[in-house]
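Structure, as structure tokens:
Think of it as A, B, C and D in the order they're written, each chain with its own count starting at 1.
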Amino acid sequence: MFFASDNAGPVHPSVMDALARGNTGYAVSYGADTVIDDVRTRLRDVFEAPDAAVYLVPTGTAANSLALATLAEPWQTVFCSSVAHIHEDECNAPEFYMGGAKLTLVGQSDKMSANELRAAVATEETRGVHGPQRGPVSITQVTERGTLYSLDEIRALCDVAKDYALPVHLDGARFANALVALGCTPAEMTWKAGVDAVSFGGTKNGLMGVEAVIFFDPAKAWEFELRRKRGAHLFSKHRYLSLQMQAYLTDDLWLTSARQTNENAAYLVAGLRDIDGVTFVHEPQANMVFCAFSRAAHQRLHDAGAAYYVWSGSLEGEDPDEALEARLVCDWALERSQIDAFLDILRTC
Amino acid sequence: MFFASDNAGPVHPSVMDALARGNTGYAVSYGADTVIDDVRTRLRDVFEAPDAAVYLVPTGTAANSLALATLAEPWQTVFCSSVAHIHEDECNAPEFYMGGAKLTLVGQSDKMSANELRAAVATEETRGVHGPQRGPVSITQVTERGTLYSLDEIRALCDVAKDYALPVHLDGARFANALVALGCTPAEMTWKAGVDAVSFGGTKNGLMGVEAVIFFDPAKAWEFELRRKRGAHLFSKHRYLSLQMQAYLTDDLWLTSARQTNENAAYLVAGLRDIDGVTFVHEPQANMVFCAFSRAAHQRLHDAGAAYYVWSGSLEGEDPDEALEARLVCDWALERSQIDAFLDILRTC
Amino acid sequence: MFFASDNAGPVHPSVMDALARGNTGYAVSYGADTVIDDVRTRLRDVFEAPDAAVYLVPTGTAANSLALATLAEPWQTVFCSSVAHIHEDECNAPEFYMGGAKLTLVGQSDKMSANELRAAVATEETRGVHGPQRGPVSITQVTERGTLYSLDEIRALCDVAKDYALPVHLDGARFANALVALGCTPAEMTWKAGVDAVSFGGTKNGLMGVEAVIFFDPAKAWEFELRRKRGAHLFSKHRYLSLQMQAYLTDDLWLTSARQTNENAAYLVAGLRDIDGVTFVHEPQANMVFCAFSRAAHQRLHDAGAAYYVWSGSLEGEDPDEALEARLVCDWALERSQIDAFLDILRTC
Amino acid sequence: MFFASDNAGPVHPSVMDALARGNTGYAVSYGADTVIDDVRTRLRDVFEAPDAAVYLVPTGTAANSLALATLAEPWQTVFCSSVAHIHEDECNAPEFYMGGAKLTLVGQSDKMSANELRAAVATEETRGVHGPQRGPVSITQVTERGTLYSLDEIRALCDVAKDYALPVHLDGARFANALVALGCTPAEMTWKAGVDAVSFGGTKNGLMGVEAVIFFDPAKAWEFELRRKRGAHLFSKHRYLSLQMQAYLTDDLWLTSARQTNENAAYLVAGLRDIDGVTFVHEPQANMVFCAFSRAAHQRLHDAGAAYYVWSGSLEGEDPDEALEARLVCDWALERSQIDAFLDILRTC
């Protein structure tokens, strides 16, 4: 009953096989392996972006921080949601990589609205040289609350950015989960909507530790390479990053895995909907479920070994009926029997 | 005939097996897996250092940069050899992680002597607040020219550092190769000689991409964790780093592999010594061989597919007899038949 | 009719005289002049803090940024008001000097309440190594909206900080204006309430360009000196900073000037209160007045040459009756006749 | 007998007068005063550079660091002399402002030769993404050893830079002293020779604390303004910087003062040449004199109150005949009688 995160499960067997199969002979190091060439071709095809610059890094924080540092200047501020991963979960890595730029938090919910973004952007930079200057907009898709921006919403945010000539970054740690949920193409969810750079997640969807960074305009490709090296994120045995991403893109593994993940979440949600006393904090749209139920139920689940975060409130507390939020994250490897077990306990609380 | 680097060969099969075996079920992410506990115990045993702080990072540049940033202040200067990896091959990563500290290059050869170090340290910080302040000493073992510091030499460098209360870092990207060459214990080569922190290499000796950072005094352990996270080097699926290092430390794989590597190099060196026209630029002591031979011979080797760096001079040039330097690096996976083939060509030039 | 800022008026004649008088012979450079010794003694007396570390820098942004950088680590976040000068008006200088630390905005008004601060501090650092770590609290006194924290309010904020072992910085760009308004001692407004470091403003109160930074605990004095030098804020001809601050502290000039300034503002406020159609956005407590009146009145004033910021809304606009905010800042040099002229125009609108 | 530095003397009386005269009424703050417009016009005229971007900062370290940060990227290295002020005397300020870029030390004497520079530049960036990338060349004129680059030498250095498309910075802390010594025009010593940006010193030549930064190509002017603000070097009461620089440029004060300074030095040098036992370490060409004489003579001078740096060796020591180096710096305010007194003592040693 593991719902703590989608970064704790096993590597997909096809990926592990690809690593083993590719583990022979010598390959030129530091990103000059031949496999990365194939990865580039595949990702450019996937995104219908033949000129895109494509790079691999080992962590999502590296992808986000390096992408933003390439797009922003140190005297700027990045516009993002107040619950963005880059704000809450990266220990100031974006600020470090950007050389001291700032984040401006837009809105107070899971998503920024275009109106909120416009107001925030308009407010900044009204003080000439004194205030932070306007910088990139960063959109998290799937959001940190398990919801999705529709294509219209992404376009609307990008339109605001374009009105102010600001670049747009998309934190796609769960890119595939969003894509299969929306049923659109990668191009539609990104450059066709106005996105300039993407952190294309793999680690949460079956890889060991690889994310791609994609710039649709390759003008800053060499700068990115220097930033990656200077950040100590250029792997010497880079082929093992390439092999993972190659396997991910082979036979649509990335989509298959994301569909399986989302279906697991849908199965969980369906079960939860039938249980009295469970309410949804956000409407689940991908693979993360934020719902509330009684402290007593939480305690039963924890005693039974269920692993997940109590998102608001605390297990310790006197009132057994008080509703506490749970964050339940599904991944592709989750077994239905585990979901059933979880629901069974909850059903009897 | 691949002698370009020891970071281009395959992952050791035992390591790949360990990854596959450990690829089951869920493991708490971000360095809270259970395997790392075993790794810590093993490394503390290896170093006879029961209190040491032990962390894993994916690249050698990350290990060096994060270790130095933890030991140095931004207004200090790090004392290192003029050919140190941290100076020549990390694209200013140490300076980035240290927040703008400087490197002071000591000497002009493969190694710093204690006298050169003492002179350099004494010269710095004679200008009060105006000049850079004295910072850590960083020793590279194996050096970037394939030579070794003896234990006496390491102790002498550390003594200088201690006279000025400076911490000492050891860049051990090829730690195991040095250790088996010297025939000493890890403790003797490090804290018993006065070293405070070690980049303990794994990637060049059979791992996919893991280095340990070890602080013998754990006082700054939490600071290091924050720096690692802020540098985007904390893996979510950290167990796969742990599994690699665990396999490395199991059944002395790290030592076996390093011995095999050094023996390959010794076999190459023995062959080279018998060939007229080959001279050694540095006396090879581990797994890197710097030797010179004629441009014509280089061209023959390259035509035959030998992969290595022409370290000084250029293949292009008129004089076929001009001596050019080669850097020949051996790893554990190198087949003797490949070395023989290389020597055969060279012998007939 | 100059109400645009208190940093646009002349240097106080006594200060200019002191500069001229001290402009003779040679003085050891870079902060080793003899005048600074006297300044240190005077400031320690003023603050009843015989051990305090005292330094001079040329700008308020330097004072704030260097003080915060000395108190904070790069992976921390500073708690401050959402309208703090360090957030809105320093072009990311604090983030730059802190090496990429973050600011957490507390509350949405001119002041942070202790409750708001406690909630913000409690929320941070609940994510272990992932989120920003708790850092210093920075209080602006006089606030950026012309209001004051009472001693009780300062104490309450410091108490929250102390509960979490966080240092407290006070941005006192208008320290003297606050002090004379509260009628307390410098010690009461700072270390006796729990403040650890102060930016002690001089420039807005009659100096040419000098602020003192005061640390009540001198443990980090040398670090501050290195940070000041590294920030390029150590003047070679430092005596001219010392002379300004010495004159400021002589014969209570700093207090006299601040009283005159506050009285000018009180005179302005008294006049404004008598005018129909003028409303106060914040209750003025020192030398800045935020009030609203009709666009038509603004236009009349601007046509007549009054200089001040239209703080919300825009002079351009159709409705002559729409109320727009003005920020009116008084300094010591302001002539009553100018205030009268301003009021006269407004009275007849 | 003050020869310790040219940054310890008084402000030129004309400059102090200009400050007093301009100390009236209100001036728009933060660099929008009207005086700076006149300063810009004058400096553009002086440099025959009608498009140049011109800014004022309070210290030489700020001028150098901000200029270099505007010209360099964090992953580059700056080429400079091994005794450059930016390397030895700025406590890593350039590295801080450049975000962690490196300095490559060229040569081992007071000046870089074009050949040494070419060799250093050629060596860098032969390692692709791994090594530091080539960045700006920084020339110090007057050098830190009191010597001068001829126009031919400056051109030759700039030619190397242009061959590699590198920008050239000139640290002109003693620009005027160099100019009057060479008898050339500002344009000849800068952009006509290939220099892109200049730190145009004022503080060492009679100002209180002002240096201009001049970019002949204004493309990065706005970036510089943001960097200056972010570095906390934008003065609110900026008019007092402008007034100093305006006075400096009025009636050729800057040239008059530099001539007087250099003549003082020439007078000192002439006296020294006549004294047995005094040898010159560098041939003095402007206002700094490096010469050697016996420890006994040093002791006599120090006992008599002469202020200067013993540049090599130490006053403490047994051998009274051992030759120690002195650094003797002259400024415009030095009285001939003081020089005579110094020479008299030395003559009788």
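The criterion applied here is as follows: contacts are C-beta pairs under 8 Å (C-beta built on N, C-alpha and C of every residue); 3 or more make two chains touch, one makes a residue touch a chain.
Here the structure is a predicted model, which is why all the values come from computation and not from measurement.
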Message: Farthest chain from subunit B, going by mean C-alpha coordinates, please.
response: C
Field: Whole-Å separation of chain centres (CA-atom averages), subunit A against subunit D
entry: 51
Message: How many angstrom lie between the centres of subunit A and subunit C, each centre taken as the mean Cα position?
response: 41
Task: Return the distance between the CA-based centres of subunit A and subunit B, expressed in whole Å.
output: 34
Multi-partner residues of subunit A (each touching 2 or more other chains): 74-75, 90-92, 96, 99-100, 129-130, 133, 226, 229-230, 234
Task: For this assembly, give the contact graph shape among line, ring, star, complete and other.
output: complete
Message: For the complex, give me every residue of subunit C touching subunit A.
response: 74-77, 88-92, 95-96, 98-103, 105, 127, 129-133
Task: Write out the stretch or stretches of subunit B touching subunit C in their complex.
output: 30, 73-75, 99-100, 129-130, 133, 223, 225-227, 229-230, 234
Message: So in the complex, the part of subunit B that touches subunit A is made up of which residues?
response: 2, 4-5, 7-11, 13, 16, 19-20, 23-29, 57-62, 65-66, 90-93, 96-97, 203-204, 208-209, 226, 229-237, 240, 307, 333
